[in-house]
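Each of the next two complexes has subunit A plus one more chain, namely subunit B in the first and subunit C in the second.
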Partner chain A sequence: MQLITILVVSFLGAGMVYLAGMISGKTRNILAVLVSLAVVILVSLTYNQKIYTSFYALPFLNLSLTLRIDTLSWFFAIAVAGIGFLSILFSLEYMRRYERLNYYYFMMLFVNAAMLGIVFSADFLSFYIFWEIMSWSTYLLISYKGGKAVAAGLKYIIMSVAGSLAMLFAIVSLYTSYGTLGISNLASLLQTASPGYILFLLLMFVIGFGIKNAIWLLHTWLPDAYTEAISPFSAVLSGMLTRMGIYGFLLIMYTILGLNVLHKLGYGILNFNYILSWIGAITIIIPTFTALLQDDAKKLLAWHGIGQGGYMILGIGIATSLGIAGGIFHTLNHAIYIVLLFFAVGAIEHQTRGVRDLNELGGLIKKMPVTFIGALAGISGLIGIPLTNGFVSKWLIYKTLIMENYPFLAFAALIGTWGTILSVYKFLHNIFLGQLPEKYANVKEVPWTMQLPMILLTLAVILFGILPGIPLKVISGIEKSFGIKPVSTGIFGMPKEIGELNMISILAAVLVAGVVVYLLFSLSAKSRRVDQYDSYAAGSFVPKDRYQFSVRFYDQAYRIIGPYLQDVVDDFYYWLVRKSRSFFQLVRQIYTGNVNTYALYILLFLAFLIFVKLGWRLW
Partner chain B sequence: MVNPSLLIGVPLALAFSIPLFGLISKKIEKYIPIAALLINVVICFILIPQVLEKPIVVSIGGWSPPFCINLVVGPLGIFLTTLISSVGFLVSIYAVSYIKEEPTEKYHILFLLLMVGAIGIVLTGDIFNLFVFFEILCISSYALVAYNKDKEGTEAAMKYLIQGSIGSSFILIGIALLYGGFGTLNMAHIASKITLADPTFLFITLAFFITGFGIEAAIFPLNAWLPDAHSSAPSSISAILSGIAIKTGVYGVARMIFTIFNAGSILTFIAFLGLLTLLIGEMSAFRQDDIKRLLAYSSIGQIGLIVFALGIATSLGVFGALFQIVSHTLAKALLFLAAGYMIYKVGSKSITSLNGIGKKMPLTSFAFAIGSFSLIGLPPFAGFISKFSIIYAAIQVKKPIFLAFIAVALIATVVEAGYFFRIVQNLYFKEGKKLEKVTETSGFILISLIILTISIIAIGIHPQFITGLLKEAANELLERAGYIGWVLGGT
Partner chain C sequence: MVIKAIWIVFLPLIALVIGVFFLGLSRKIIARIQCRYGPPIYQPIIDVIKLVNQASISHGRIFDIGIILSLAGSIVLVLFIPFGGIAPLATSGDLLVVVYLMLLAPLGIALSGGEASNPNVSIGISRKMMLALGYEVPFLFAILAVMTHYKTTSLLEIVKAQQNSWWGVIYLPLPAIAYFMILPAMLGIRPFDIVSAPQEIASGPAVEYGGRYLALTTIEHAFHTFIVIALFVNLFLGGGNPFTFFVKMLVIFILGLFINAVFPRLRIDQAIKYCWKWPAILALAGLIIARIV
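Presenting the complex of A and B:
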């Protein structure tokens, strides 16, 4: 009942918000916040519960739609609900300049409702239904802004439809083979299936989930979609929506199949998990370095979205309890900091009237200190600096790679971090540091409804960085439900037997170091404050606004790595589309417009039927 | 008990009385089709429970079958009649505001006659009678395609007429062959004797029927008339042609193959034809810039899917095909009606001219979007259930060839999604030009759009509204002995 209530509240709430918008904008905004908050509360109440309920029957197919909650779905549900709430809060001010807000709020809540539906589904038909609802509503939201967003939305939905159809094929085939779509039933029935069939299933699901999670080869929709979507939705998209793919991977690989079945797939090194891990590794390296080349703040983050997804896949693929824990934990951490970063970019965009080009910005630190702190915390998490959340999850993944003797994979993950550092440094510096261009002299900090989500997320980045035990406790519950050895964890980090990690000692060390540095500075000579325009180059005064050394920061690096990072996959898809178009054009010319030809077609068809019957006896 | 022959009689009588009503007042004329079809819908809903209990066979002229013309109101017949009457009813509501060009009374007469033809085809149990109704349907559609009296419409109607006549004559040849072979025109009677004849003779007769009905059913390569005819007819007629007329062709093919000829061996070939039709239709639609042509090509694709599902020939496959008939009829009628009014407001059929119309005509665009989503097969709309059933049926037969077929059909769906999603974006998210004067539809047009939209969503969310009837209808096609038994008595 509880799950049905949550879904009813979230779907009907979305509709109510639309209707409220017809009365007044204010009512709508308040209601939207309330609905999303209510969903957060309702979901958090289901913590540690085991619910299974059937909510709708389709007798003609002999199927009934069912819902369930376990630790895995709760984990994703709470993240979805939380991010949904924060993004609605952020939208209140951000969206003020846009029109069709009723539609916007409706779709935002609707997408969140669909995601909740996905994670609560206890059978694959409900899963598919909610999955598709999520896909088309995402398409409607990506396209919302018009202009370039239209092409991005179309690219997204075509890939998404292709992925879902692959998934549908697998789902229907499961149903015909086993006569049930219930996830728990399939989990036991599939244990005895032949490896070939399992591989076919996995391939289909990997296409479906891989497109959503943007693994390399299937990633090309993502950069455009993240960039062109409206910023609060980019946050939702990058935070949780894309990670429905990770949920799917976990569901099919561990909830349903389990390690025993997975280990049987393949010979030696050529097994499913190892290949998946390598796909993860490639997904880390190429996109992360592509991010380095971007000048559009959102595009830069988008490519990181793909790259960090690679870490999750790598962790899940390696299939040790540390690795899976790392992968799941990284999903949460990534959601937190990337949402924070998209909010920060959104804030910048909002206050500078839509500027996202990193070469145009600069020096905003004093104008927008809260946003700066948010962005700083965000990139720290993204890099994985100790005491931020990203550190712990990446540590888990590195640790398991090293312990299990995968030096090349570990190296790949490490290279990814270098690329991350380089590119997010550029991100932070080009926006906040350096000289403030004069045109931004009047920029102010964003209002509190936009600050609050950023502050909350900043706190979360630090909280989970220092006390990783909180989420890891839930994650070890998830691992228990997968039937693998749960990762043992203390509140501050990892116990000795895994290799000690204690965030509180790191915190203490950092604090002590900070105090020492502070003392040294206060003992030394007083520094003199200078104006930011008081700068000199080669001994001569630099005129105002001319000197912004961060512009075209990595030009030299571009020239070296740029040619290797041409997105050949994307080019290939475009080539495919072009070719199919001209082929379709050719096909269309069957209809010549000349009625004589048409009459001929009819006669030939009849003649063909009779000829084949008499001449070939085909049937 | 209501006499099922009223289903044909009422529209027929009212069709010819339209000029008489016109003598009283010009204004009444356009409401006559609404009244006629409303009566039909009511009769249908009264009859459905009775028919599900026991099929009704109406003998005309007091003789018992096979010596008379009879109507066979089985589940399939009543299902299609209900569908035809309801959609016809909604389209006639639409036409009240939409059809302005004189001579409107002729439009309404022809429209009702088209309905009579369609209902007659699905209800009759006599093969020559079937031909007569088929001709009524075809001739009124030829005339209606040319109703706008522009060059485009006349040319399309002419092409349609030529191809349609070839089809009709093939059907007539087929009937003549059957009559020569069996000496009877009663469909059940022929069906009961079919095993007695020489297979080659039967096949050639069947080939004539498939080709003849295949033209109306728009099976590739017999469908070349369709894009022209459907796109240049008035939009209300396009809706009827795409929604109903081609389905009667499919009914004809299905009735011949399943009930009369019992030609199980040709079904895989039929499925292949359906698949081919699907592919060609979707690929041709992809590049269209004329919205009505695009919808017409999309109808070809959808018909292909229906024929493909019929070719699977399991009860689930036929069920899926019938469900697809419902979802396609509703969705395509909705799309043509919505697009028709947008075209009327904007004054151009090009898709780009509809850019940004979502802001000016929110309800119409919404209806269009729902229709396209349903056609693509997205949940929670009607099209999802039908596509799911078809995919399920195709995989369930466990034949490798059907697995390959369905994989190709899924790829065609991606193409379909490609163009429909593009149009929806055009409507909502692109900047429009010259839309100042465009205003939202109102009155009658809105009523029919809203009812269609609601029924698509309602059937999508609660398919049980129709599944019971559809299951029975699918059984009627698959169990020919039952059909023969209803008509001729015995088992």
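Presenting the complex of A and C:
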């Protein structure tokens, strides 16, 4: 009953918000916040419960639509609900300048409701229905702004439909083979299936989930979609919506098939998990270094969204208890810091009237300190600086890769981090540091409804960085439900048998060292504050506002690595589009517009039918 | 526990003394190679004392916090790197933690320098980032070779394993050579002093620093020198007791100095290409051997 309540509240709430918008904007906003908050509370109440309900029996196919919750669903559900709430809160002020707000809030709540439906589904039919609701409402939200956004949305929906079809193919095949679509039924039935059939199923699901999670080769929709979507929705999209793919991977690989079945797929190094891990590794390297070349703040983050997805795939693919824990934990961590970063970009965009070109910003730290702290916490989490959340999850992945003797995968994961540092420092420097251009002299900090989500997320970044045991406890419950040895964890780090990691010692050391250095610093001779133009330029004159030194920040590195980073996959898809277009042009020529030709077609077709009727004989 | 607490206080001091000694020594040795007399070895101490008493300018809060973060990060790092059997915090973090903690110092400098809004600073930082991308490739190959060979990520275990048999450099010569080849790049000394490059970009990230800021960067530099060389001794030269550890560090440092004192500065693209060529190839070959054997 509880699950049905949650879904009813979230779906009906979305509709109510739309209706409330007819009355007044204020009612709508308050109701939207209340609905999303109610969903957070309702979902958090289901912690540690095991529920299974059937909510609708289909009058055909002998199937019923069912819901369930376990630790894995709860983990994703609470993240979806939390991020949904924060993004609604952020939207209140951000969306003030836009039109069609009733539609916007309706769609935002609706897409969150669909995601909750996906993680609560207990059978593949409900899963597929909610999945499609999510995909189509995502399309509508991506193209909300019109113009370029529509093109981005179309690119997304075409790939998404291709993925859904692959998934539908697998689902239909499951139904015809086993006569049931219930996840727990299939989990036991598929244990004895032939490896060939399992491989076919996995391939279909990997295409479906891989497109959503943007693994390399299937990633090309993502940069445009993240960039063109409206910022609060970019946050939802990158935080949780894309990661429904990860949920799907976990569901099919571990909840349903399990390690025993997966180990039988393939020979030697040519097995499913190892290949998936390498796809994850490539997904880390190429997009992370592509992010280095971007000048659009949101596009830079979008490429990192793909790259960080690679860490999750890598962790899940390596299939050790540490690796899976790292992959799931990274999903949560990524959601936290990437949402924070998209909010920060949104705040900048809001206050500078839509500027997000990194070459036009600068020096905003003095005007927007809270946003700066949010962005700093966000990039620290993204890099994985110790004491922020991204560190522990990446550490788990590196650790397992090294201990299981996969040094080259470990290298891919580690070097990805260094690519990340370069590009996110450029992000931070070009927006907040450097000289403040005169035109931004009147920029102010964002209002508190936009600050609050950023502050909460900043705290979460630090909290999970210092106390990784909190989420890891839930994650070890997830691993127990997979039938894998659960990762053992302390509240501050890892126990001795796993490795040497204790965040509280690191925190204490940093704090003490910081205080000592601060004392030394404050006891020395004082310094005098000067303004930004009072700087030393070795005798040359630095003209105001004309010395843009952040353009092509890593020029020498671009020249070396740039040529290798053409998005060949995207080029290939466009080539395919051009070729098929010219082919269809050819096909179109049969429509001549002349009645005589059409009459000829009819005659020929009739002749063909007679020919068939005569049994394919000419005489 | 008490002993541990004492070492937590003393190890950074030892590291500071050694680091400052190395800075002074390097100036002396380079001067002698170039037929000059050179300053006394304790010159860095005099500099720091002078600098903390001098007035300076500040560009804002991050300008101050960044510089504090960078020095604090280096001090923390010292506690995680075993120094001849003394390693007060090494059980709280392994080599992976050390590699990540090595980010704090440059990040602090980058944040602080960024707020200075001086073109030369930004150029210097962008060079530092690119140089780091350059030398991290061979560096990561080298440490992965070590971790793969010893089947552990713990620095303590790596040192212990070497004391029970031959030094790491015997089993892993190629990664050791690669690490040695990028040592000047990691230390930021010639021919890789691209980041500061006084004649081109007026000392890069340090342009706007004066007084106490410059004092803190000098101290940070001393710690950084200690860390990079101590890591090398731990990974490839088998640690040792504090005295032999120091001697090994000294030998490595002076060897590096002799080789690098006579080379002119590289351009940044040359430096990246250098790092990605021979050191990376050697370290990768070492990693492949370590993986197979």
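Points worth noting:
Criterion: the second predicted complex is superposed on the first by the 604 of 619 C-alpha atoms of A that agree within 3 Å, B and C clash if a C-alpha of one lies under 4 Å from a C-alpha of the other, contacts with A are read in each partner's own complex, and residues count from 1 in each chain.
Convention: a contact is a pair of C-beta atoms (placed from the backbone, for glycine too) under 8 Å apart; a residue touches a chain by one contact, two chains touch by 3 or more.
From a predicted model like this one, the values you see are computed outputs, not experimental measurements.
Once chain A of one complex is fitted onto chain A of the other, the partner contacts of A:Trp395 are limited to subunit C, with no touch recorded for subunit B.
Counting the residues of subunit A touched by each of subunit B and subunit C gives the higher count for C. With both structures placed on the common chain, the touch criterion links A:Ile157 to subunit B but leaves subunit C unconnected.
Contacts of A:Val530 after superposition on the shared chain: subunit C is touched, whereas subunit B is not.
Of the two partner chains, subunit B is the only one that A:Ile133 touches; subunit C does not reach it. Shared-chain residue A:Gly499: touches subunit C; no touch with subunit B.
Of the two partner chains, subunit C is the only one touched by A:Val510; subunit B is not. Judged by the touch definition given at the top, the superposed model places A:Pro407 against subunit C, while subunit B stays out of reach. Residue contacts after overlaying the shared chain place A:Leu606 against subunit B, while subunit C stays out of touching range.
Across the complex, subunit A meets subunit B through its residues 58-61, 100, 128-129, 132-133, 135-136, 139-140, 143-146, 149-150, 153-154, 157-158, 161-162, 165-166, 168-169, 172-173, 175-176, 580-581, 583-585, 587-588, 590-593, 595, 597-599, 601-606, 609-610, 613-614, 618-619. Subunit C makes touch with subunit A in their complex at residues 8, 12, 52-60, 62, 64, 67-69, 71-73, 75-76, 79, 89-94, 96-97, 99-101, 103-104, 107, 110-111, 114-120, 122-123, 125-126, 129-130, 132-133, 136-137, 140-141, 144-145, 147-148, 151-154, 156, 202, 207-208, 210-213, 215-216, 267-269, 272-273, 287, 290-291. Of all residues in subunit B, only 158-159, 162-163, 166-167, 170, 200, 203-204, 207-208, 210-211, 214-215, 221-222, 224-225, 227-228, 265-266, 268-269, 280, 283-284, 286-287, 319, 359, 373, 376, 378-380, 384, 388-389, 391-392, 395-396, 398, 406-407, 410, 413-415, 417-418, 421-422, 425, 428-431, 463-464, 467-468, 470-471 touch subunit A in the complex they form. Here subunit A touches subunit C in the complex through residues 362-363, 365-366, 372, 376, 383-386, 391, 395, 398-399, 402-403, 405, 407-408, 410-411, 414-415, 418-419, 421-422, 425-426, 428-429, 432-436, 493, 496, 499-502, 505-506, 509-510, 513-514, 516-518, 520-521, 523-530, 532, 534-538, 542, 547, 549-550, 553-554, 556-557, 559-560, going by the rule given at the top.
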